[in-house]
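The structures come next, written out as structure tokens.
Look for subunit A in each of the two complexes below; its partner is subunit B in the first and subunit C in the second.
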Partner chain A sequence: MGEEEEKKPKAEFKFPPDETGLGIISAVIAVIIVILPGLPAVLKAVGVIFALLWGADSVRKTSKYGLGTGVPSIGVLGMGYGIVGALLGIAFVKFMGPKLGTFSSVAALGGVLLMGVLGYISGVFSNHEKIIAMKIPKLERGMMELGMAGTLAMLLEFSIVAGSLNFADVVDKAINTGLIALMFVLSMMAMFHPYNACLGPDERRPRTLMSSVEISGLLCLILGIVLVATATSLWSGVSLIIFSAIVWIVFYVKFVKACMRESDSVVGTGLIKTIE
Partner chain B sequence: MDPITILLVVVVCVIVGGVFASLGVHLLPVGGAPAAMGTATGIATGTIMLMLGAAVTGLFTASTVATFSKNILLVALSGAVGSWIMMGVTMLMANIIYAFGAGVVPVSGRVEVDPITKEPQTPYKTPQCDGHGVPNVSYISGMVGAFIGGFGGAFMYFALLNYAKFEPTMAAIAAIGIFVANAILAAYNIGGTIEGFHDPKFKRLPKALFSCFFVSLFCGVFVGMVAFIGGLI
Partner chain C sequence: MPIEAVAMLFAWMLVIVFLALIACMFEDLESDTGSQSNPNSQVQLAAQVGQVHRFFNKAISGEAPAYAMYCTTAGVIAYVLLLKEIHPILAIPIGAAVGEVFHVIFATTAHIGRTAGSKRFEQPLYLDVLYGHLLPIATHGFMAVLCIVSIAYIQSNLGTLSGYLPVDGVTPLDHPFALPMLAFIWGITVGAIGSSTGDIHYGTEREFQDRPFGEGKRVVYHGKITRYADCGIRTQKDIVGFCAKYGGPCTGMTFGTIILFENWRTLVGMMLGRFLPAATGFSDIAAMLGIVIGLVIGIALIFGNVAFVKWARKRYGPFVGE
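And then the complex of A and B:
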């Protein structure tokens, strides 16, 4: 099973759609996986990878113009909103649970939408000429996408660890154990690190996004180990470990090879000659 | 208290925390990449790393005090002291490295005379540079900034913990999430580097406070909703 899923992001990388296309594809995949919490952990990991890929792409297109404070800031912003949005999402699930029954996870999308609105508002504040005036094209859209991608990624991670989006389960298994801090840090790494590490004149989008998938694989690997260690469900934990280890190793090797292939060669010219 | 009052108190506390975070960021001596080469005043890292580090240290002390105290002022002040210590140590170590490692004296690049100690600055500045290290005025400004930021973060934590009835971990992570969002908006307002309250960029402060007020208002309403519809209050 792990083998089959692993092909999907790979095919994405060979023919990466444009920014809007990738955003729509990732959002649709992540949303479908969020509203079906009964899926196996491996499929949820695919959702996490796509959501974080979307976030990394948004960071890339926003930071291209120079933020002035470094690339990491906008990734941290996205995950900061992601935390608030995910808490809001699970609260909505609890609230709508009696009415929606088995489809109660659909309510979690309320948190995603509200974070999109908040992201858009903060984008307007940052870009408006009379307020902060950053003058970055499409910053509003970038911040909106970051808020939504962060929330989706966080909800999926909750769903992996707790097995559902039930408020009490998530608080008990994902938040009170302190795992949320690890998810927060590694998710924001998956968002900001690729562009932060790859930026420069010869930055290439597929190579940057490869790094994001690699970090998401690492995150899912750790979540898999957590699943096995807490013995919530052994089989889903082991399959998640196998799948994410494959993703991590494949994309790590691909990324390093791409970097080596595309880097400029250093020519030895010997010592500087002294003029006599 | 009835739920509406609690919701209002939570929103007000989150707004206070967010606005204090924004104000605190404006007071820190942030040097960014130029400071890493010793060619600008401040600590050689971004605003977010400094403020997040200060806030997290503040939350450690605040959460420890919150386990045995229900006094909001005591918890908030302990948070302020925590981030105070973190910033103080960071600025001191930065100065030691600049002075004994790079061989430059801490000097401000934006003012000719230190506004507090009245020491001359320009004669000690390397030509073509924008200052070095953390001079006295920036040090004091940074201490005040860390105090205010830590106070805001711990204030928000206490409100989420005791009024919104979040679990301690949940309150801490939600407080960090809201805190960083506000700190980052303030950092965008600064646009990279700032020396402290004497920097000309400090005059842009009202714009950041305005945006942070509204962003914290929304975040406050959202966490209030989490507490309300999540059945915590």
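And then the complex of A and C:
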């Protein structure tokens, strides 16, 4: 199953869909995996990868007009939305769960929608002439997508570690153990590091997005190690480790090769160009 | 027994202070090796204004989130190993090593990504620069992360280590947060202090050393400090050697002093509020006394700094920029 899932993003990277297409594909995949918490951890990892890919694309979209040192801040903001939205989501599951029965996880999408609305409102506030007047093109849409992608990624990570979106389980296994810090910090890295690392006039979108998948692989690798150490079923952790290690190796090698191919020149050593 | 426990508490506090000093010193030197926060703008700008250089461009993020990442990763691995009942003396270094593996992975992608992103400025990707800087980055970072994870471990077991006995299954003075969360908070702190206090080299020691009190420089000259050293082409290995003398220890001292005063005032406040020897019945008085001592220390430091700056200006000349 691991290999099969992993081919799909690879094919997309050669002909990546445009920003809207990638957003819709990632959102649909992540939402389907969120509302089915009984799926194996490997499939949830695929959802995490797609959600963070969408987040990284939104960071790129938002910061492309020339945001330099602000790129990391946008990613941190996205995961800030993510943490708040995911906690709201599991709270919705707790309160709406009894009414919805087996489909109680659908209630978690309430957090996603709320964060989308909140992101849109904050985008409008930031761009509105009378309030902050930053006038950043496409900021409203970028913030909305960031909030939704961050929340989806965080919900899926909770679901990997806790096995479900049950409030008590998530608090016990993800928050009390401090794993929420790891999820926050590596997810925000997966969102902002790609664009921050590839920043420059010759930045290319497929190359940037490769880096995001690679970091999501690292995140899932650590979550797999945690699962092996804590979960009752060893197989889910081991399969997650194998899958994410393959994803990481493939995309890391692809990213390094792409950068080396596309930089001005790769030299073993050399002196710097003299300037008169 | 309680008095010995208090003495042990103060001793562990001093261990934490010492570890913080080492951590922040190596953090600052590591950020000089990779040119991470403030100097990074110079490294990034240099190629764009035509100053091709042989610097490592470690644009991971600001130092604070980056160190939060390495320390949290290290903390999670150490935590998992401790759950499996592996001795901390093995678990903490293994965790720190994994954190540094992550650090090196991110450093590589940042350097080659930025170099490929500035193709049109004819900045080549020097492989010896790439490989040659990864090991110094990893080793300096390892020291910092090791110390931070050790601090987090000590804090989360402080009561047990000081010899307090559990009351209702909870040992008093053990930190309620789990180890990864403490590592996260301490990682952000060490990165923030290293970023704000560090970079002595770029701020005052080298870039502006011909100007009294660091006057601004024209944009044309930006990026020049990345090119030539006193002898030959400059790389960051020269800078680390340069900064290891004053810049790094100074940064470490800042962080160590902050931790020292902060913990000392809390513990003294707890002792004066009669909380400490027994470690039961925490009162508002203990907290208030701690806050008052903290305010006194803060005011004393403000006056000390004003006097020091006045003395330095009198001794070394006026501030020309004003």
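Please note the rule applied: the second predicted complex is superposed on the first by the 261 of 276 C-alpha atoms of A that agree within 3 Å, B and C clash if a C-alpha of one lies under 4 Å from a C-alpha of the other, contacts with A are read in each partner's own complex, and residues count from 1 in each chain.
Everything below uses one rule, namely that a contact is a pair of C-beta atoms (placed from the backbone, for glycine too) under 8 Å apart; a residue touches a chain by one contact, two chains touch by 3 or more.
In this text, all values refer to a predicted model and were calculated from it rather than measured experimentally.
With both structures placed on the common chain, the touch criterion links A:K273 to subunit C but leaves subunit B unconnected. When the two complexes are overlaid on their common chain A, residue A:F255 makes contact with subunit C while staying clear of subunit B. Applying the stated contact rule after C-alpha superposition, one finds that A:F92 touches subunit B and leaves subunit C untouched. Of the two partner chains placed by superposition, A:L234 touches none, neither subunit B nor subunit C. Of the two partner chains, subunit C is the only one touched by A:M189; subunit B is not. With both structures placed on the common chain, the touch criterion links A:L100 to neither subunit B nor subunit C.
In the superposed model, A:V28 makes contact with neither subunit B nor subunit C.
Within the superposed three-chain arrangement, the count of touched residues of subunit A is higher for C, of the candidates subunit B and subunit C.
In the superposition on chain A, contact of A:L218 is made with subunit C only, not with subunit B.
Contacts of A:E203 after superposition: subunit C is touched, whereas subunit B is not reached.
Judged by the document's definition of touching, subunit A residues 68-69, 72, 76, 176-178, 180-181, 184 lie at the interface with subunit B and also at the interface with subunit C. By the touch criterion stated above, subunit B contacts subunit A in their complex at residues 32, 46-49, 52, 167, 169-170, 173-174, 176-181, 184-185, 187-192, 207-208, 210-211, 214-215, 218-219, 222-223, 225-226, 229-231. Contact residues on subunit C toward subunit A in their complex (touch as defined above): 41, 44, 50-54, 59-62, 65, 68-69, 72-73, 75-77, 79-80, 83-84, 102, 105-106, 108-110, 112-128, 177-184, 227, 233. The part of subunit A that touches subunit B in the complex is made up of residues 67-70, 72-74, 76-77, 79-85, 87-88, 90-92, 94-95, 114, 118, 121-122, 125-126, 131-132, 134, 167, 171, 175-178, 180-181, 184. Across the complex, subunit C is touched by residues 68-69, 72, 75-76, 176-182, 184-186, 188-189, 192-194, 196-203, 207-208, 211, 214-215, 218, 222, 225-226, 229-230, 252, 255-256, 258-260, 262-273, 275 of subunit A.
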